[in-house]
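Next come two complexes built around chain A: one with chain B, the other with chain C.
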Partner chain A sequence: MEKITIKINGKDIEAVKDQSVLEVARENGFAIPALCFHPEIETRAGSCRVCLVEVSQNGRTRLVTSCNYPVRKGLEVRTDTDLVRRIRKGVVELLLSRTPDSPVIQKLARENGIEKSRFFVDEGEHYRNRCIACSLCTQVCEEVVGVSAISMLDRGRDKAPGTPYLKPSQVCIGCGACAYACPTDAISMIDEGEVRKIWGREFKMVTCSVCGKPYIPEAQVDWIVKTTGKDRSFFDKCPDHR
Partner chain B sequence: MGIDIRKIDEIIERYDKSEESLLAILQDFQHTFRYVPEEGMKRVSEVLGVPESKIYGVGTFYKALSLKPVGRHTCKVCTGTACHLKGAHTLTDIIGKELGVEPGGTTKDGRFTLQTVNCVGACALAPVVMVDDEDYYEGSSPQDVLKNLRKYK
Partner chain C sequence: MVNRKLQSVAALESYRAKIAESQKNEYPVIYVCGGTPCLAKGSSAVAEAFKKEIESQGLACKIELRHKVTGCQGFCSKGPVVSFGNDIVYLEVKPEHVPEIIEKTVKNGQVIESLGYKDPQTKKRSASFQGIPFYAHQKGMILKGLREIDPFEIDDYIARGGYASLAKAFSIDPDKIIDMITESGLRGRGGGGFPAGTKWRSCRAIDSEVRYVLCNGDEGDPGAFMDRSIMEGNPHAVIEGMIVGAWAVGAHHGYAYIRDEYPLAVKVMKKAVEDATAMGLLGKNILGTGFDFDIKITRGGGAFVCGESSALMRSIEGKVGEPRAKYIRSVEKGLYDLPTVLNNVETWANVPLIINNGPQWYRETGTEGSPGTKVFSLAGKAVNTGLVEVPMGTTIRELVEKVGGGIRSGRMFKAVQTGGPSGGCIPESLADLPIDFDSLSKAGSMMGSGGIIVMDEATCMVDVAKYFISFLAEESCGKCTPCRDGLPRMKQILTDITEGRGKEGDIELLEELCDVLSYGALCGLGSSAPNPVLSTIKYFREEYEAHIRDRRCPAGVCRNLVTFHIDADACTGCTLCAKQCPQACITGERKKAHVIDQSRCIKCGVCRDVCKFDAVRVE
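Then we have the complex of A and B:
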């Protein structure tokens, strides 16, 4: 853990070498908007491009995605210059043309002074109209959950997450981590009584023996028992009644 | 579909059992079966220990891989800059009409798949048509192209 000093918006900031600019900035109270950043995910795809900042190092200044740019000695960061604002506005405007139905993107657009995207508005399947193809869902499924039930399919403007062969996945455990992680609420997960519907498959839920609330898919319990060796009876009660 | 599982295994056998072999195996599937069959992807997943989701992701990503059977011959009409200016789209329409398919489609008899591609690197011949990745036809006379296409059975 090598401690270094960098400058953010002219202020000296202490940081640990190789931390991301985004995390250092946020820890020190500088707001940087971001969609596809999640602290628990090691893959920093930098795909949403919203976290752009200006950095200067060795006399060179350029725009980088702060979520995956490592801090080094002598780095100067500016989070709110005219250039950053202008480019970010363009990025958000493009996102809005892809996901016109997403309240998250609509809000971000308003914050960046965009009323309406000047670009072609893509009309497709509903979830695609909210998905910005950042691949955070597939990373969560692979890195955190460990089942890799979904992946990014196709490319270009058709790129979107999905299950193999677009059929209900046999390895999916119905945990809903993908829907939880999604920054634009693009993934449909519906809990109806004792059934959860996600990615075209129905999961039977385990009911809490105290409050009677269905709270976790059986398949997820199976997975946790299998991978951690935890006792099955642990899941008789929901977290509120353990 | 009647895909021979032994053929699938034969192809997988040729390569190291590691993730790096994935694309090469899928390309061999494409070459042998003229598409990448679901059974094949399932088998690759088992043997290489790569999640099916990843394999399907690769299968949908590359244009050189098709998840549906393609025709015995592929007819690629170049729509790169030079070809575009020289009327590639008219040429596509004419060939499409002759074959009775839209770009991306396969004729009912399975003889041809018609595709538009971005540049085949033969701009001097623009507009150019490439058949089976080896024969190039200079397409400024669509009638000649159609005549040449008839050679392919």
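Then we have the complex of A and C:
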């Protein structure tokens, strides 16, 4: 681990080479908003563009996404210039026009001084949910869960996560990691009694032998047993009663 | 199968001498253009007619025709083109012309002037490359091969000096090769204009056992067909360039990524790779030097964005073609995260020229900052359109007025659009601008891959901006917010303006959105997407204002904002417009002024197009 020194908003900051600017900045108390960043995800698609910062390196200054910009020697970062604020505001206003009823986006908009998006709001099919097409859900499913039940479908503003051909996926384990990771709560996951509904499929839940609460889909237990070799009886009780 | 593998550089040279000897002819060679536009206009029938005529006259052993169908000969708007290796070129040739051509031109060396080019102004005819302005003002460094070589015959390429640069390169240290490319000043022809030598050197400098050399043949700009024509017409030049590049950077595997909408290019390139491999010019131990390099052909997935370098690499890997952040460049982490050099088709085709003739020779053409020539697909409202090649630094005016022969139907030259959807519009007032990478960028456009669309006074610049933004909104991969959600908003505002719903402040809102894309988008396509809007606002702001404030389209294009009516003084009552009107809403007696029923007019403009007396007015 090579230690280097960079500058953030004029202050000297120690960092590890190739760490992301966003992580270094946050660790040192500089606030940078972000939607599609998740510390456990390596992909760092840089898709929402909310975490833009200004960097100067080798005599060149430009806006970059801090979540996937690697820190290298001599880097200077500014998190709050006029340009950063202006472009971030534009990005957030576009997100608000896309998902006007998302509380997360509404809050972010207020923080960036936006009352209402000036852009035409698309009332068509694209306005059906709060998805900002950041692809974090598909990365969690691939990288963390390891099943790749969903991927990004279509392109342009029709781009959205989904199962192949939008049919119930046979590899989905119903774990809901995608729904938990989603920054805008756009993925519908409904637990009703002993059944969980997600991505158009119903999963039977395992009930805790102590409290009687259904807490994990059977398919997820199968997956964990298969991939880790853990004993099935471990899942008789929910985490609160183990 | 006979083993045709050439075991050494000397074997290549003696093979070349042998083919050249066998191709010596008593009669001139007949080159029938086999470019896609000429094929569409019936050049296959012309080639067939030549074959039959030669056979029936018993001339087969004396004429090297071999259905000598070449690559694109350039003058697409006047195809099928037939030329003779000397200075003679015939246009719009039909099968019935063939016996006369054989008799007069092939056997007796006579020129048939009536098959030449007719100057629209002077009415003079010329059947010589030097006498036809379209050709006379070009410099065919890259395109010369297309006009003379049968792309399906590797021997034809070798006979004309093919693979000589490869043989020469093997005697030069790879670092010296990179020096030569750097000194030549060769810049990437795909649009960015990045110095090729710098890219190669960075890739070579990375410590890695595996490196890749890629060719970008995913030409997707509307109206651009340079790379397609080069791949279809002279595939071995591209392959030779790639092998030299691989030798220079130390790569042993290459891919040519070709868009699947180019079936002929895919077919030609596949055949060329197979032939070069069979001859020992690709594969293991090339020309006995111990150097290995192979090329695989990858067909594109049909998305415009796959022409972007990082998306192209993902697509080759079999993943969804989406760009990634390139904070770590692809010379360091490219295909399969390994060091990769990606250059476009035309850039590779320049490499053999530089190695053969030296960097100093190359720099004699073009400008200080942009040496060499550039191939353009000249399209739009010019009199002559097609595939052209001019030295860098040629002015826009020279290209439009000399090569292009000015504007069709006597209208005024208004602007040119360069660089495809990511480029911009340059007005006639700046037409003396030299065409090179830096001048075009400074004017708010870009070289792009080389599409040039000529526009006349009947072109609405707001409508043009709307066209390109709609294209880009359709082709956006959707990965990042500014491009995915910004382009549809821009399209909506432009649509409102062209349909008469424009508001004060729309221009400023567009400019704001343009900034969000320029600074905020993830890849080059998103960040250059505002160019069509920004350049038209910069040079044609008054047109935007006329649409918004006066609800008027000065060019008479935007239907909601124009009315068609007939000038009673100019109308002769010929009835042509009334006959052609699809709504049958033009009435009037013969030899008396006609009238358009505005309530039923759909503003299609047919009446204006057919009127021979310029009596239909648009306001």
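FYI, the second predicted complex is superposed on the first by the 236 of 242 C-alpha atoms of A that agree within 3 Å, B and C clash if a C-alpha of one lies under 4 Å from a C-alpha of the other, contacts with A are read in each partner's own complex, and residues count from 1 in each chain.
Criterion: contacts are C-beta pairs under 8 Å (C-beta built on N, C-alpha and C of every residue); 3 or more make two chains touch, one makes a residue touch a chain.
Note that this is a predicted model, so its numbers are computed, not measured.
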Contacts of A:R155 with chain B and chain C, given as first, second, both or neither: both
Touching partner for A:I87 - first (chain B), second (chain C), both, neither: second
In the superposition, chain B vs chain C on chain A residues touched: C
Partner chain(s) touched by A:C48 [first = chain B, second = chain C, both, neither]: second
Touched partner set for A:P33, first chain B, second chain C, both or neither: neither
Which of chain B and chain C A:T163 touches, first, second, both or neither: first
Partner chain(s) touched by A:V171 [first = chain B, second = chain C, both, neither]: first
Where chain A meets both chain C and chain B, residue numbers: 151-152, 154-155
Complex contact set, residues of chain A against chain B: 138, 141-142, 147-155, 163-165, 169, 171
Parts of chain B lying in touch with chain A, wherever the complex brings them together: 38, 41, 51-57, 60-61
Touch list for chain C against partner chain A, complex: 303, 305, 320, 324-325, 327-328, 473-482, 484-489, 492-493, 509, 512-513, 515-516, 519-522
Contacting residues of chain A [partner chain C, same complex]: 44-50, 52, 63-65, 68-70, 83, 86-87, 90-91, 94-95, 97-98, 118-120, 122, 132-133, 135, 151-152, 154-159
